[in-house]
Amino acid sequence: MLFNKRTERYFVWVFFPLALLMPLFLEQNTFYVSKLTTVMIFAIFVMSLDYLVGRCGLITLGHAMFYGLGGYIFVIIAPEYEAVNFWVYTFYICVIAALVALIIGFLVLRTSGIYMIMITLAFAQMAFYYFSDSIDFGGNDGVFIYVKPDTSIFGISLFDLDNPIHFYYLCLLSLFNTLFFFRLVIRSRFGRVIDSIHENPGRTTALGYNVFVFRLMAYTMASALGAYAGYLFTLQYGFVNPSMLAWTTSGSALVMSILGGMGSIYGAILGTLVYEGLHYVLEHLTEHWLLFMGALIILMVILFKNGIAGYLEKLLEKRS
Amino acid sequence: MNNAVILETEGLCKHWGGLKALDDISLKFHDRELHGIVGPNGAGKSTLLNLLCGHYKPTSGKIVHKGEAIDAIKPYAFARRGIGRSFQKTNIYPSATCLENCCVAVQRRMGGSFNFLRSRYRQQVLEEIATEALEKAGLGQRRDQVASRISYGEQRQLEIAMVLATSPCVLLLDEPMAGMGHEESQLIIELLKTLKREYCIVLVEHDMDAVFELSDKLTVMVDGQHLTTGTVDQVRDDPRVRDAYLGQGDEVY
Amino acid sequence: ANEDPIKVGVMLPFSGIYAALGDAGRNGLKMALKEHAQALHGRQIEFIEMDTEARPERAPEIASSLLDQHHANFIIGPVHSGVAMGMIKVLKDKDTVMIIPNAGAAAATGPLCAPNIFRTSFSSWQPSYPMGKVALDNAYKRVVTMSWNYGMGRESLDAFRESFTAGGGEIVKEILVPFPKTEFQSYLSEIGSINPDAVFVFFAGGGAVKFVKDYDALGLKGKIPLLGSGFLTEGTLEAQGPSAEGVRTTLHYADGLDNEVNNKFRQDYEQMFGKPADIYAVQGYDAGLLIANAVDQLGGDISDQAALIKAMEGAHLFSPRGEITFSRAHNPVQNIYLRQVENGQNKVIDVPAAALEDPARGCKL
Amino acid sequence: MNKLLEVKSLHTLYGESHVLHGVGFDIEPGQAVSLMGRNGMGKTTTLKSILGLVQPRSGNVFFKGEEITGLPTWQRMRKDIAYVPEGRGMFHNLTVQEHLQMAARANRKGEQNWDYDRVLATFPRLQERLTNLGTQLSGGEQQMLAIGRALVTNPDLLILDEATEGLAPLIRKEIWDVIRTIKASGISTIIVDKNIKVLKELCDKHIVLVKGQVVFSDSSSGLVDRLDEVESYLGV
Amino acid sequence: MTTSLFFVQLINGLQYGLLLFLIASGLTLVFGVMGILNLAHGSMYMVGAYLAWYFVQQTGSFTLSAIISAVIALAIGIVVERLLIQRLYRRNHLDQVLLTIGMIFVFNALQSILWGDDPLGVQVPEAMSAAIPLTDVVEYPVYRIFVALVCVAIAAVMYFMINRTRLGMLIRAGESNREMVECLGIDISRLYTIVFAIGVMLATVAGVIAAPMSSIVPGMGEHVLIACFVVVVIGGMGSIKGAFIGALLVGLVDTFASVLMPQLSSMMIYILMAFILLIKPQGLFSS
């Protein structure tokens, strides 16, 4: 079974149909549609991080580098005043990001634990300062994208990216595909090796697996998906800024993924929704939202052993 | 004996800083033989095994497997050549079931590890082989238990089951019986008796009953040096061995 | 007229490093609209406040919230230039009016200028350009310039260079410090070894405090005159303490400006918020004035955006900083003052440029 | 005569699985007690329950007449109990020397019969490895260190869980000699080991566990009498 | 670069490195030695600076302010450890990340509520306001020399305590195997509370000491946080010597890079860290 936990099946059955219907209720207020779109895009990013951290045991604080690169690669390779094809550029961006990840992973994956956290951070910061000091790419202030790509395949255009509702569905589809994809990978034989490496790399080597290569594959895959999320984010408002690459972005994603429940994959969606939701609500309630946000986070760590997903599982799986 | 030499070391040395944990060890391990290695604590037995399975790199010297020098290859490549090993300190996947522990080992050989799509739950063959390995090691009953929840002795059995599951041609066993009860030890002894008809086994063990019973050849090491190699009887009566290792009395502790 | 309140979206940083600036801007804005309540022809003001956290990547989202969710008539913000870019992307040519109460990025009223984008603060060119002339007047020939390596900083240094080198001055070295680094010791040692006639810098907030204190601690003060874009000593004087005494800066405002509006403004502000007003408060205040002024002219009916923009373009405001009007690119045309810190206050000593207009390079309005 | 240690009907569970079903026994001062049983019968769990490393669901533990059931582990150990865990519990970031220095202390009576030097004299092998980190020792060396580390706390009750595992015969013999010395000096011991021959001669009392229950508890002579029965419990 | 400028920059680099060590010293203890991932370390540094400012305002004496701040920090440390951190020892390290990020939020909010968002400054104490001339133009404030000396002293004391005393051995042992330490009759949980509190106090004291030579602003904690982790990791986890040398290295590289290769200077400490970790994946002096 692909979604092998009851909780996860429930979640998928509740979340996706609801998300599918959501825009119908929100026709008046396109802001909520955009907001949810942003959340879903970030959830894709968080999910790819969750896979790395929770499933592969590769803790990185440099994942935002790929998020930002997703945007900047587009800015660099796409012509400025000409609509390009969305799918073709998705492919380009994922491939280029994967190549970058291959190189960086090759260096970074020699270390482990905190050392890996720091060396991934180092590379991300280099990329951050590269774009932030650059003059060509708008430096600290960022760059605009003036023309959005079109999404036609063989002349049939499914989505109009300038239409927030269309864009919403594109992102929803992407989110579902990402979840599906990761589930597939986790269930696969490759996934078994990754789980083994996560739990006991030394033993896995002794059994004859080339741990480094497996890790590199996982890293590359997750990074490419991270870049895809960044690409979507860039397209949403047509705006790229180096702060997308900043370590604080990686940090937020890490927070959301831990909050959601490390390694559960679907927890990434929960974590992002809850975090962004809380943020949104508190921000509108009080100027000192930070205080309450912090207190709630602390409370949640203490109460939930394995994040929100873990908590839900405890509630739901017990009965079975 | 006239079995082919499968694994061989030539002048193998391993130094830790100033300490010569292994000093110029040249040994030959034959196919279908159980080669026992004994020696006082800290003699370098585990170190030798660690070198033979690629876990450590030798300071100097050569390791030859089926005629090829393999001391420079990567650790995982040792296992791929069929050199399997069990660890002195229990080394398993604690949160997975016993079956899953062995499946990981079987899968290496059966392939498909880079297959992102094929489900790991559709795996008749894999499970059969893994189950067989578990049963051989006497863990058939624990098949679906989570490894961290079985007792220490059972974890030692699992350790062996995992090596068997890789179906190696050379088995390096580091104190497989340590921590096991009599019955289990007996089981392992019987198991090794059948296995040694097919494999080359290198056994490091302090349980003298087992070693004497099983070994076709016995090497004694002391302080990183090779003391003697011979049949069980030759070694047992060697006064140097009694001095350094066995003790004088007849009692076996 | 209309019973609905006028919705004013406030997009400023209330947390993080720019929180103080956001706070002051909001205070000023609210004060102005309260003071000029009768100019609103009975219309209430509804404020919708959003914390940008100075995070550019959040800017489009918040801006679209104010635009699409709250349908704000005016959006005031931001402080940070990166955030400004993200906002402009969403708000450009939309039916809400954006008033920038701080961010000086040249692009906002340059290549990206739009009918509905106004600025009540300054373009980064404005406060720094006149300083070149001041330096030359003081016979400083060799000057080292220094700032953080980001848009605002580079634009400020370029503006200074423009007027300074045109008059025959020489920039012996331009030092760009990675933003937001505040370890200045090594740079200051280097300046010491170059020993120029003067140093011109752009820093603001905490960095400005640290810079001025380090400049003093390492003994450069008193040996090499320190000039700066006025933000160096805005909202930071108390923290800088005696180290700031004698520092000369140019800005479109000074605490000690002796005009009626300013005197009253400073007094009221101090009374209302318990601390002295600074430039950020003035800019926010002027955003309020601009709104009140336009609403007044239209008799409270702001439903026609073209008329509203026309009214705003023609505004002639009596700001605490003196009179301001708006250029064709919607940037204020204003006096730039030369100030010197004396007894913990920015004292005006000259007006090197009166009614200075930003060249608005690249704006097609 | 008051008992040194009294264990009364311990019930211990790991999550859902019930491992100890009312284990109870007692030890008199100076006695050496063996705890035997096949793998997974609950020997280690019994020891951990006594020490508070796992919390028994019910049952009581008394030491020197005092109830220690609810106390945190460190307070129990402070009453002069020492523990050599299975798996040895080495510190990966401490050298051999530091292992002994950090643990060394006088007992509650202020005696310090075992100190750093005496341990090194007993295990000369350690003397050569003083600057090695705990996990850089051979298996047997780790075992010696674990015993030495327990001894320098100068306990009244020494608990050894498979302490001779992985030791060479000669060393094993030495360890048994050490335990004899310890016993002679009046220290009580609980020994988990599988070498029934030695235990029979060394210990005063023998306890056999099957599936978390005490099925045999008697003196050495009793053990000799019922050797066949006990051996069947142990699967010999 | 002239020789005299070279020496001035060398001093600058060392001074910056020592300051970094001072700020990172608490983290070395809490994270490096005890293995607790405390991201709120930077916040405690910030709290230190604000407390220094506040109590200088109240008492007028810098020394007194430093002492009061240290005591408050100890109390905060004890409460935080007992109430929060202690619940997480048995859990995944990442939960500590989440918890301490929550703490950063709370500290930042409290700072804003209690002290506002304006930049603040503390004057150098009168007794140390003198300066020593270095070149014709540049002079060197006595206070910064004092700070450097404090850093060296803290480094020495920490090194001795962690590596030579029984207490240090216990702390290290606790990082490796808490249960076993408890089996030796040590109240590990109280020990950890105290050491954690000391770590927090060191961060706070660093904030106090640094206050007169920096600006006190919101967000100042996050800026130093990364630098602190860089220092600890470059040196190798758990090594005081490593952290000390790591700090000096970062200080020197940063200082010389800003002068010699300004284009790269923003990235320089990251390049340094990546370089070191690629050559020595466990840091310079890890055990």
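As written, the chain order gives the labels A, B, C, D and E, with residue 1 at the start of each chain.
Keep this in mind: a residue touches a chain if its C-beta (ideal position, glycine included) is under 8 Å from a C-beta of that chain, and two chains touch if they have at least 3 such contacts.
For reference, the UniProt names are A = Benzoate transport, inner-membrane translocator; B = Benzoate transport, ATPase component; D = Benzoate transport, ATP binding protein.
These figures come from a predicted structure and were not determined experimentally.
Chemist: For chain A and chain C, which third chains touch each of them?
Modeler: Neighbours common to chain A and chain C are E.
Chemist: Most remote chain relative to chain B, going by C-alpha centroids?
Modeler: Computed centres place C farthest from chain B.
Chemist: So, comparing C-alpha centroids, which chain is the farthest one from chain A?
Modeler: Of all chains, D has its centre farthest from that of chain A.
Chemist: Suppose each chain is reduced to the average of its Cα coordinates; what separation in Å results between chain C and chain D?
Modeler: 75
Chemist: Suppose each chain is reduced to the average of its Cα coordinates; what separation in Å results between chain B and chain D?
Modeler: Chain centroid spacing, chain B to chain D, equals 29 Å.
Chemist: For chain C versus chain E, what separation do you get between their C-alpha means, in angstrom?
Modeler: Each chain's C-alpha centroid was found; their separation is 35 Å.
Chemist: Tell me, which residues of chain E touch at least two other chains?
Modeler: 108-109, 112, 266
Chemist: For chain B, jot down the residues that touch at least 2 other chains.
Modeler: Chain B, residues with two or more chain partners: not present.
Chemist: By residue number and range, which residues of chain A touch two or more other chains?
Modeler: In chain A, the residues touching two or more other chains are 129, 132-133, 290.
Chemist: All pairs of touching chains?
Modeler: A-B, A-C, A-E, B-D, C-E, D-E
Chemist: Residues of chain E touching chain D in their complex?
Modeler: 166, 169-170, 172-173, 175-177, 179-180, 182-189, 238, 287
Chemist: Report the residues of chain D in contact with chain E in the complex, numbered from low to high.
Modeler: 51, 53, 72-75, 77-78, 82-83, 85, 89-94, 98, 101-103, 105, 133-134, 149, 153
Chemist: What residues on chain B touch chain D, complex-wise?
Modeler: For this pair, the touching residues of chain B are 16, 38-46, 88-90, 149-154, 175, 178-184, 206, 208, 244-247, 249, 251-253.
Chemist: Write out the stretch or stretches of chain A touching chain C in their complex.
Modeler: Touch residues, chain A against chain C: 29-32, 34-35, 38, 129, 132-133, 138-142, 144, 233, 236-239, 241, 243-244, 249, 283, 287, 289-290.
Chemist: Could you pull out which chain A residues touch chain E in their complex?
Modeler: Against chain E, chain A makes touches at 53, 59, 107, 110-112, 114-115, 118-119, 121-123, 125-126, 129-130, 132-133, 247-248, 251, 254-255, 258-259, 262, 288, 290-291, 293-298, 300-302, 305.
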